[in-house]
Amino acid sequence: MTMDMVSAILVSGLVLGSVYALMASGLSLVWTTLGIFNFAHGSLMALGAYFAWTMSDAAGLNLWLGAGVAVAVAGMVGVGILIERTVIRPFYDDKDILLITVMTTLAVMIFLEKGIQLLWGARLKQLEPLAPGRVNLLGTTISAQETLIVVLAPLLLGGLWVFLRYSNIGRGIRAVGQNPAAAKLIGVDVSKLFILTFALSAALAGLTGILLGSVRFITPTFGAEPLVKALIIVIFGGLGSLSGTIAAAYIIGVVEAVLIFFVGIYWAPSMLFALLIAVLMLRPQGLFGKSVR
Amino acid sequence: MPASFNLKTLAIAAVLILGLLVPVVIEDTYIRHLFIIAFIYAIVAASWDLSLGYAGVFNFGHVAFFGVGVYTTALCAKLLGIDPWIAMLLGGAAASAAAAIVALPVVRLQGIYVVLVTFAFSQLVLQFVISQSQITGGTQGLVRVPTIELFGYNFLRDYKFGYYYVAFALLVISTLCLRYITRTDFGLSIRALRDNEDYSLARGIPIGLQRLKVLMASAFFAGIAGGFFAIYLRVASPEVFNFSTMALILSMVLVGGTSSIYGPVIAALVLTFISEGLANVNGLSEGRFMLVAVAMVLVLLFFPKGLISIIDRWPRGRGARRPD
Amino acid sequence: MTNPQRALEIENLYAGYDAFDVLNGMSLHVGASERVGLFGPNGHGKTTLLNAVSKLIRPRSGSVRFMGENLEQRSPQDIVAMGLVHVSQANRLFPDMEIMETLELAAYTPRARKQRKANLEHVLDLFPRLAERRRQEAKTLSGGERQMLSIGVGLMCAPRMLMLDEPTLGLSPKLKDELAAAIGKISAEGIPLLLIEQDIAFVLSLVDRMYLIDHGEITREVERGGAVDHEEIMDMYFGGHASS
Amino acid sequence: MNMRKMGKWGLALLAASALSVAFANAQEKVAKIGVLAPMTGGAAADGNEMVNGARLAVEEINAAGGIAGYTFEVVVGDTQDQAADTVTSAFERLAGDRDINVMMTGYASGSNFEIELMAEQEMPYIISANAAQTRDIIAPNPDDFPTVWSISPSYDAYETAMVPVIQQLLDGGALELPNKKVALISSDNPYSKTIMEGLQKNFEDAGWEVTSADLLPFGEINDWRAFLAGVRQAAPSVIINTDYLPGNAATFMTQFLEQPTKSLVFIQYAPSVPEFLELTKDRATGVVYNMLGGVLDTPQNPRAAEVVEKYKAKYGSAPGVYGPALYEQVYLYADALAKVGDSTDRLAIGKAIGETEKQIAAGVLRFDPQTHLAVQGEDAIPIQFFQIWDGKRELFYPARYATEEFQTPPWMK
Amino acid sequence: MDHSTHEAPLLEVRNIERRFGALVAVNDVSFAVPAGQVFGIAGPNGSGKSTLFNVMTGIPFGPSAGKVLLEGREIQSLRAHEISRAGIARTFQKDAEFGTLSAFENAYAGAVYCAGLSGAQAREEAHKALDDVGLSNDRRDKAAGDLTVFERKQLMIASAIAGRPRILLLDEPAAGLTRPEVSDLAELIRTVNGRGVTILLIEHVLPLLLSVSQHLLILNHGAVIASGKPAEVVRDPQVVEAYLGKREAAL
């Protein structure tokens, strides 16, 4: 293998891994804190991209893209709060909450996808890249936008990590996830943090959508494929561990790039699924996972 | 008991007679077609209820079993020249076999992992079907699937009169079988498993084996329904694996009411007709899916036992949710 | 009704889980700087009482007043913010969080935040072992260390009253002594204390007054100076059999 | 129209509508045209265009007083995601309307299986979908499908025309290529795959070296870099991508231009879709594609410009393939109805459609009785080669219709 | 009366151990239960009593080391449901019923899957078990989750004995009961024992434990600290210390 190939695979894996990490960490955050699995995460991603498109594109309001991003992220926070209030909150005390919220978030997903299609139509759209041009990374040329993703993803995730680790609210979120009763006993408003977490995750999904929407094309369902990958990653990483999730995202990104290179793009997804099932047979709690919630 | 039993028997008989009369009264091929499609979905939804509602296995690969039935039947009938009736049975058998494969990881896993693995499995099946395009026709599907024949009766030019009865018979038989299964000792054991896994073990119920059996049984009916779907439409195409198909049928199970078998059947009929009705109303063709989504959430909020709980009040099913 | 001299006043409290009550009309009080023990066999409602006071479960009826204020409409976080702090039994705390993180987090309410630095020093002073293990995750701690962290967390909440639930559960006698000393120090600062314990000697060494609890009711109150002997306690546990 | 459809759901309404139909019949006859189109789901944009095209023609005809005593009306059947059951539902709903004696579509299903349903009911059916699928269904027994006609011509030219066109460019000096190497890539769908395999054979027969012929899974493809890395190593002078999804094609161009090689880039179908240009903007300049049965918009075929202008005037945007196609389909039916005079004589209508010979937006239309496809050829429906230049599609082959000369793409200079 | 010296043990636990990482929850525990006895187990919170039941039945995990013998046959490596079928029926502190199944079905499930009966025989066995525990006929069609606390205790014992076990493992059956109900439960345990079912009983409500047990074993920190006749065991200073702490004290 030449250095060229290695760097091409590595760069490709980095790009994939960055997107997956952003996507999966949002999912994982909600899972660890609220104990629910949000199947609408992919459509939230699409929604964020459409918000930003409407704000910034010539066909929409033609604002500066930065403003578009800001408004979109703010919008996502609102949407996140709304979703938590309407389809998750009512079921917190139900012992079947896991299954019920799988279904309600599926319903949200359908609702969002169809709603997006009604509002924006089915034609492909693309966001102007935040960073135009190309960049040479490790001897492989990729678009500056992809470089931006590779750079921004660790920054965002790092920011998330710092927030969760050092801020009072962030620690509160982790505490709620690890032991809600003990969190209540130190004065944490658990229900407030639930909303906050969900809103944060929605904002993260929206931001992922915006970043990806300037590399790929936006369609109402363009979050579906990364969502499926993110699901795999969350399992691989072991539910409930953010760092495990992020590590798994980059590993899967690189594994996928390697698979694409050696067995072709054709069989790569199937092999990923097969690998996933195999891992779960051997380690039902995931690669880095600790316990099943 | 006896009073409600009589009433129930009466109601069932009435429904059966009504069902038999439909094609006699309704000559519109389109309405007959909708009934047939609704019946097929009803079988899929009701059989899903067996594993999801009764056994509490968060099986999200059920539509993949349906798809396995569709393709197995289509391939057997078209490429191998097997009699379509038999091919339909083979569709059911293949779906059961697929379920056995899924069961391998699933019996060892819990909760959300089961959702994710079964979901991943259905993606894998889809990929497999698409990749084997030499045989399956890939993304374009498989056309000109041979259709059934019964004592020389031609199903093709009777305005779906014959198909209606075949679909109706399949629905009645599978509903009876499913109801029967839920009432056997096996049915009892899977409900016990759903209620309390550890306690089931303590009463000698083998969790893995029962899960395997229930997945295979529920997949069998989905596979048969898939087989008939392929035979009736004479085409097998990968859209059957679509997420929207899964969402639609799942909403039938939920809106109808889990652990009831009848609930999903009724919901399949209602939702098929409502959704088709809305499709023809200007401006709602896209919005109807949104309405169904809203309906799903509303039902979960206000009728957690499904719409069936409005009709039938006897204490059964997911009922008796403990106040803890 | 309200007695301003009392930190905690519980009247006729009913609470429980599922369909049945564990507390059957419990009434007790803790004075303004009093240390009160609660003693009784397992499964008789001691922990349920604390859970009901801190609103981890909803009481069915009865009233709870803290510093004269009725807690009926208060949420768990309100109650902590008011300074009524419950250190729960065998607390797993936050298994993946380090000791220092946990302690810093525990000063969560605005009032506690203001005192964070001072309280932290105080806690580390009280439990030097926690200072030694400051970067260790809670799940890796021994039982005794976990109890210390639990109490430390309670202190970080800036308590105006502490409710401790079996702090010595599963500890060796040596650790029990250490813990008793620490709790003694805390109560010496004038913080009122409600202490649940199985270890009668441990309780008696720390409190001014003690309630005996049986089947969700107070069966006896022992004032300081009143005698309690083992026979009586064993009777409570074993019915008539121990002394027969 | 929708009121009447709703009438099916209630007896009273049914009676009322029956009455109104009877009343209407006394004055004039209505010939309803069933249009199968994806009105919801990912292909809704195509579906809308189909319906727009049909409505445009219907309004014109009605405004001109109708045909043979009939006025036309469009009834839409939503094929949604083109799944078999939804297509069948749409078909049955339309077929149940006794005033519908013709159906048409751009495409209805992935497999064109509905052709069989049409044939069973002797329903006149005009289709512009994948000609290979259509031929596979019809060609074995063309007599079983007397009413089904495809205005898409045979796709064979997609495989055979490429090598001669390139040769012609080379011979004419419009193009210089350093070697006779070609790299092919396709996604795994019968349309793209068949074309790629055909091209491979044709190139090899003409003495070219095929450096790669890769197959990707069908669907969204976000990473062409593995293929392009191979391309950069082999440095073929021609790169052909037969995947037809516009989004994929746009990604392909973007990633190709990150490190372009001096190769002619050809992409199947996708560049003809309006959004390809929107997505790629100036990056598309120099790309070559070809088209069978598309709009032959050149001064030599004024019909095309006329249809396109009318469409633009009414709907405010330029149509792709399906608007003009459905527009022409309605006129095909109108001609046949004029000839037969009775909309319910389906076999006669079908026969009349099959006998069509006329200039349409795509060229000169006549049908091959063996396959029921439109005949392909320079004097029939020609294959058109386009090059995109500054956001415009320039037709450069066949020469007699050409609007512009072929130019060397910017990255090859 | 103490039968233990005369009869061969029905159930024997030898040097059983269960670790969770560094924590030893059950530490080298051995004991033997003669057929026909009520064998009591007590100990402070967290002393490893329920873990002991878990490793004996394999629900949800088996022992890290040691042997469990039922009538001399090693069963610790059997799968959980096989252990149940071999004749060890256990109950749980919480959720010891199938909530949505009727009371009758709860008992019937035991008869079918533990005793291996079917049809009329299983139904008869289930009703017999319900008769034995005294759950009234008109309550048998109710969903188990809708029964009262005491009825659920009755049901949990009924569904266990419907499986015709050799030995019944009861885990804190008195939790959540009122005082009068506790004496009813004691009566019930004696009745069941009187029908020849050996019982292993974990209980916090010590009066109950002492009134029904013929033998008492005390666990502390996962290890046996005393074992013998109940009246003697409760006076053992080690036991007193485990429960009450070390020193004599007065306020």
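By written order: A, B, C, D and E. Residues from 1 in each chain.
We adopt the following convention: a contact is a pair of C-beta atoms (placed from the backbone, for glycine too) under 8 Å apart; a residue touches a chain by one contact, two chains touch by 3 or more.
Note that the structure is a prediction, hence the values are computed from the model and not measured.
The set of chains in contact with subunit B as well as subunit C comprises A, E. Path length between subunit A and subunit C in the chain contact graph, taken as the least number of steps between touching chains: 1.
Looking at A-D alongside A-B, one finds more C-beta pairs in contact between the chains of A-B. For this pair, subunit C with subunit E, the centres built from the Cα atoms lie 32 Å apart. Subunit D has its Cα centroid 37 Å from the Cα centroid of subunit B. Subunit E has its Cα centroid 76 Å from the Cα centroid of subunit D. Annotation: 49 Å between the Cα-based centres of subunit A and subunit E. Within subunit C, the positions touching two or more other chains are listed as 17-19. Shared interface positions of subunit D, defined as residues touching 2 or more other chains, are 40, 44, 188, 217.
Chain contacts: subunit A has residues 117, 266, 269 touching two or more partner chains. Those residues of subunit A that touch subunit C in the shared complex are 165, 168, 171-172, 174-175, 178-179, 181-190. Chain contact summary for the complex, subunit E toward subunit C: residues 44-46, 148-149, 172, 174-176, 178-179, 204-207, 210-211, 221, 230-231, 234-235, 240, 243-251. On the subunit B side of its complex with subunit A, the touching residues are 58, 104-105, 108-113, 115-117, 119-121, 123-124, 127-128, 131, 243-244, 247, 250-251, 254, 286-287, 289-290, 292-294, 296-297, 300-301, 304, 321-322, 324. Residues 4-5, 8, 12, 16, 117, 121-124, 126, 134, 141-143, 215-217, 219-222, 225, 260-261, 264-266, 269 of subunit A are the ones that touch subunit D when the two sit in their complex.
Chain contact summary for the complex, subunit E toward subunit B: residues 57-60, 79-82, 84-85, 89-92, 95-101, 105, 108-110, 112-114, 118, 122, 142-146, 159-160, 163.
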